[in-house]
Amino acid sequence: MKKLINAVGDVVPDTLRGMAAAHPSLRVDVENRIVLRASGPTSGKVGLVSGGGSGHEPLHAGFVGFGMLDAACPGEVFTSPVPDQMIEATKAVDGGAGVLHIVKNYTGDVLNFEMAAELCADEGARVLSVLVDDDVAVRDSTYTAGRRGTGATVFVEKMAGALAEQGAPLEAVAAMARTVDDRSRSFGVAFSAGTVPAAGKPTFDLGPAEIELGIGIHGEPGRSRERFREARELVRLAMDALNTDLPFSGDVLVMVNGMGATPLMELYVAYGEVDAYLREKGATATRCLVGNYVTSLDMAGFSITTCLLDAELTSLWDHPVETPGLRWGR
Amino acid sequence: MKKLINAVGDVVPDTLRGMAAAHPSLRVDVENRIVLRASGPTSGKVGLVSGGGSGHEPLHAGFVGFGMLDAACPGEVFTSPVPDQMIEATKAVDGGAGVLHIVKNYTGDVLNFEMAAELCADEGARVLSVLVDDDVAVRDSTYTAGRRGTGATVFVEKMAGALAEQGAPLEAVAAMARTVDDRSRSFGVAFSAGTVPAAGKPTFDLGPAEIELGIGIHGEPGRSRERFREARELVRLAMDALNTDLPFSGDVLVMVNGMGATPLMELYVAYGEVDAYLREKGATATRCLVGNYVTSLDMAGFSITTCLLDAELTSLWDHPVETPGLRWGR
Amino acid sequence: MDTAFFLRWIAVVTERVRADRDHLTDLDRAIGDADHGANLDRGFTAVEEALAAKPPETPADVLTTTGTTLIRKVGGASGPLYGTLFRTLGRSVGDVPEVSREELAEAFAQALAAVMKLGSAQEGDKTMIDALAPAVQEMRTSFDAAARAALDGARATTPLRARKGRASYLGDRSIGHQDPGATSMALMIDALRAA
Amino acid sequence: MDTAFFLRWIAVVTERVRADRDHLTDLDRAIGDADHGANLDRGFTAVEEALAAKPPETPADVLTTTGTTLIRKVGGASGPLYGTLFRTLGRSVGDVPEVSREELAEAFAQALAAVMKLGSAQEGDKTMIDALAPAVQEMRTSFDAAARAALDGARATTPLRARKGRASYLGDRSIGHQDPGATSMALMIDALRAA
């Protein structure tokens, strides 16, 4: 395992130290693993807290800043953070208008955020939670833990963050977060697995012509192992899965996301195919992100996330944002 | 070889098609392989043209836009573009104030840009060229082709671009580009080689505990093969090389750049070490980029580029920029 | 069983988790995200420190400190679940210097209910519950019987299709692998015999 | 040698470049960036098309079209260098229907000078010059002699330390590998014998 790290056990604090040094706009509590806006809580604004395992950078810490999150709680690599972090973060960002927890749907994240929210409520804080569950590779039924939260997290954090920045009340911000999640879908494909530093080897092995379809972001294998195909076919496969679940129409926000080890060049090749697919269906990609936004360490592969836009969502997307990972309008 | 591409021969046009679809701010001539600002040439502004082999995305096409380049000429993967592209681009961006060619120092880039500049001059255009040659791993002597142009290209394009946007004349923009190059140095380390699609296999093989020191951005091996070390030591090694060549002092702009397959998490770990190193030397990292800016397909590894800032350079760095790959201030 | 017994139990669990760390992680690599061993090792190392820093005075103290520390340090799915298990055990045995096997068995029954409620998992979902539930049944008989039941329960998860946790994402591909959480649960129950 | 001869020469070169494409790329993988074969194949495929699209009427026409097309299509270091070689050949032989071996030898001498000037390389720098320069020396004797000299020159690049082009970045590590450009140059000279 050749990783640009010091000791395996120091990966998360070392990452946070680096983020702190790189981004004066962030206040990073390395010991307690909380990343906040350096500007402190905004009085009268709903506070947005998210968090999850590390290894998905820039998610979540890279999305702390004006127009998006107020705090991020990074856990160990691929391991949900603990309630203490969420409780501290919730206190730190409460500007008097309540706090929204944005939780990706994984048993660990859900349970830990649940415990934190209960304890915060016990202490009198106003906390609402929204679950992000956009991954169509997982059947949402009583026989699973439900759909995973993946790429749509970026959309939820961005648009709910914009609404919060505009001064909307907690219930409205939570409702918007749910709306964005409802309108978003994701599908991921892996060409190779990433390596968790503490584990020292890839989470799964793939042959030279094998891929995993329907992967999540934690290095877990996907729903099926299949033969490798060209970009056009892979994109079609992913887009068909999204379209079957929630047919495309009108304006669409698209993210073509690299899992950590896929060149930007290839993501653009894929984006070209996504754009063509949407045209075919009579829909239009009016906004997009192409790059590494929700990664899975050094996994090679990609995911596609789409969100059906309307005028309000488009304007929330366009609202200025100033974070290490996403910036425009200021 | 599992790459997210269609046919090996279509990688560059497919990438350009994807960029065109993703970025309405760009005008992409897929057939002639020229990427321009959609807004057209700015009258009275010096036009900035750069270009080089593909596979380094976001460099260069991702840096076309307000405050940076006016045009990029992408060649085949790792192969310099041809004079026709540069001639067309030069004509297209000439707003009457002349055109600056920003050329990375590789024999191919130099020769092709030279031919283009001569032909443009023959047709009456005012063209100046600057060479970017920042890579300290290569001894600059009569016994080499000179130092390679790598990470500093981003700095040169950004700061010369800002000055051009402010209305400076061609000579001043060229002089600024040279100043930035003079004050910038780079050093790169590879953990694994990338795979050129047309070649189908990695450009070199490394054992599980081997790394290449002093690599360029075209998958060529480095100056020496050594044993793998922890981030702190690798950063120290790179920083020592930079510091020996041009001692650090005062304000420093730092880029910790991923070569394409290195997780952002690890780049932050490295940035933390860079920051500490500079403090030790009594210098300060006052501006930075941490991410994938000058990549080498799916190579794993990183490079560090530094530039000694003064007040003018800092303000040029801070000047608004709006490109797919770099954006702030608007 | 006194405070020393419970301290020994936790010490044995800590030691075995450390020894089995890579095995647990490998099980989690197959159907999860390759961190279960690391998670528990981190958790019980913190428990060890917490217990050393402030020596507990009652069995409940040992169990509650263990549970709270796991919740604070583990994260993931197993942190809140194991944390809740130990905290519920602590709350159930109450503020007494000695606990009988019957009392412990009753506490385990309550802990099982709490963990099932928190994770909304049933027996057969291919989780730690599949080791815990049969062990609770046998706890009144003997620790030996409980340990055997837990180990059998863990082994019996192999042919199951996961319905909870990360492994459920795999659908049918989760079949054929033993559940990491059930495996670590069996380890904990088995450690009661060595305490 | 008439127009047909030069067309045959370019056709043989095109065919052999295609056949040796992977070999040339492998040589470039060792001390360059693994594209030399791909570059030349792309270039000569375009040359083939250009010559077919507008059949040339003179030897100079064949050579100039070849050179211009290479400059327009190859890129990299070898594009301008080979392009200049063929364009200089075209300019030197002049607007005549037939070219003698002496005239071609003189044209090659001029082309060598042009390529050396453009790339500011000397013999011994481990570049295509190391195959071209000795071939030019022997061109007046016979194509066979020229081809032998070029092949020997290419082989003799193996022990050299590169001083120009990408391979120079490797310093001493460039030693022990045959230069891809010298290898392709030898191929082109050798193809004269088959034309």
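For clarity, chains are labelled A, B, C and D in written order, and residue numbers in each chain start from 1.
FYI, contacts are C-beta pairs under 8 Å (C-beta built on N, C-alpha and C of every residue); 3 or more make two chains touch, one makes a residue touch a chain.
By chain, with names taken from UniProt: A, B = Dihydroxyacetone kinase subunit DhaK.
Owing to the predicted nature of the structure, the values given are computational and were not obtained by experimental measurement.
Participant: With subunit B gone and nothing shifted, sort the other chains into their touching clusters.
Facilitator: Taking subunit B away leaves these connected sets: A, C | D.
Participant: Chains touching subunit A and subunit C alike, please list them.
Facilitator: Both-contact set = empty.
Participant: Tell me which chain's centre, taken as the mean of its C-alpha atoms, is farthest from subunit D.
Facilitator: C
Participant: Using mean CA coordinates as chain centres, what's the subunit A-subunit B distance in Å?
Facilitator: Here the centre of subunit B sits 29 Å away from the centre of subunit A.
Participant: Nearest whole angstrom, what separates the Cα centre of subunit C from the Cα centre of subunit D?
Facilitator: For subunit C versus subunit D, the centre distance works out to 73 Å.
Participant: What whole-number Å value describes the gap between the mean CA coordinates of subunit B and subunit C?
Facilitator: Those two chain centres are 53 Å apart.
Participant: At which residue positions does subunit B touch at least two other chains?
Facilitator: Within subunit B, no residue touches at least two other chains.
Participant: Going by the touch rule set out above, which residues of subunit D reach two or more other chains?
Facilitator: Expected reply: no residues.
Participant: If I apply the definition of touch given earlier, which pairs of chains qualify?
Facilitator: A-B, A-C, B-D
Participant: Would you pull the subunit A residues touching subunit C in the complex into a rising list?
Facilitator: 53, 75-84, 106-108, 111-112, 114-115, 137-139, 142-145, 148, 196, 198-199, 203-204, 216, 218-221, 223-224
Participant: Under the stated contact criterion, what part of subunit A meets subunit B in this complex?
Facilitator: Within the complex, subunit A contacts subunit B at residues 1-7, 11, 14-22, 54-55, 57-58, 62, 191-192, 194, 208-209, 211, 228, 230-232, 234, 260-273, 275, 285, 288, 290, 292, 295, 297-298, 300, 302, 324, 327-330.
Participant: Help me check something: in the complex, which residues belonging to subunit C touch subunit A?
Facilitator: Going through subunit C, the ones touching subunit A are 25, 29, 31-35, 38-39, 42, 71-81, 118-119, 163-166, 168-171, 173.
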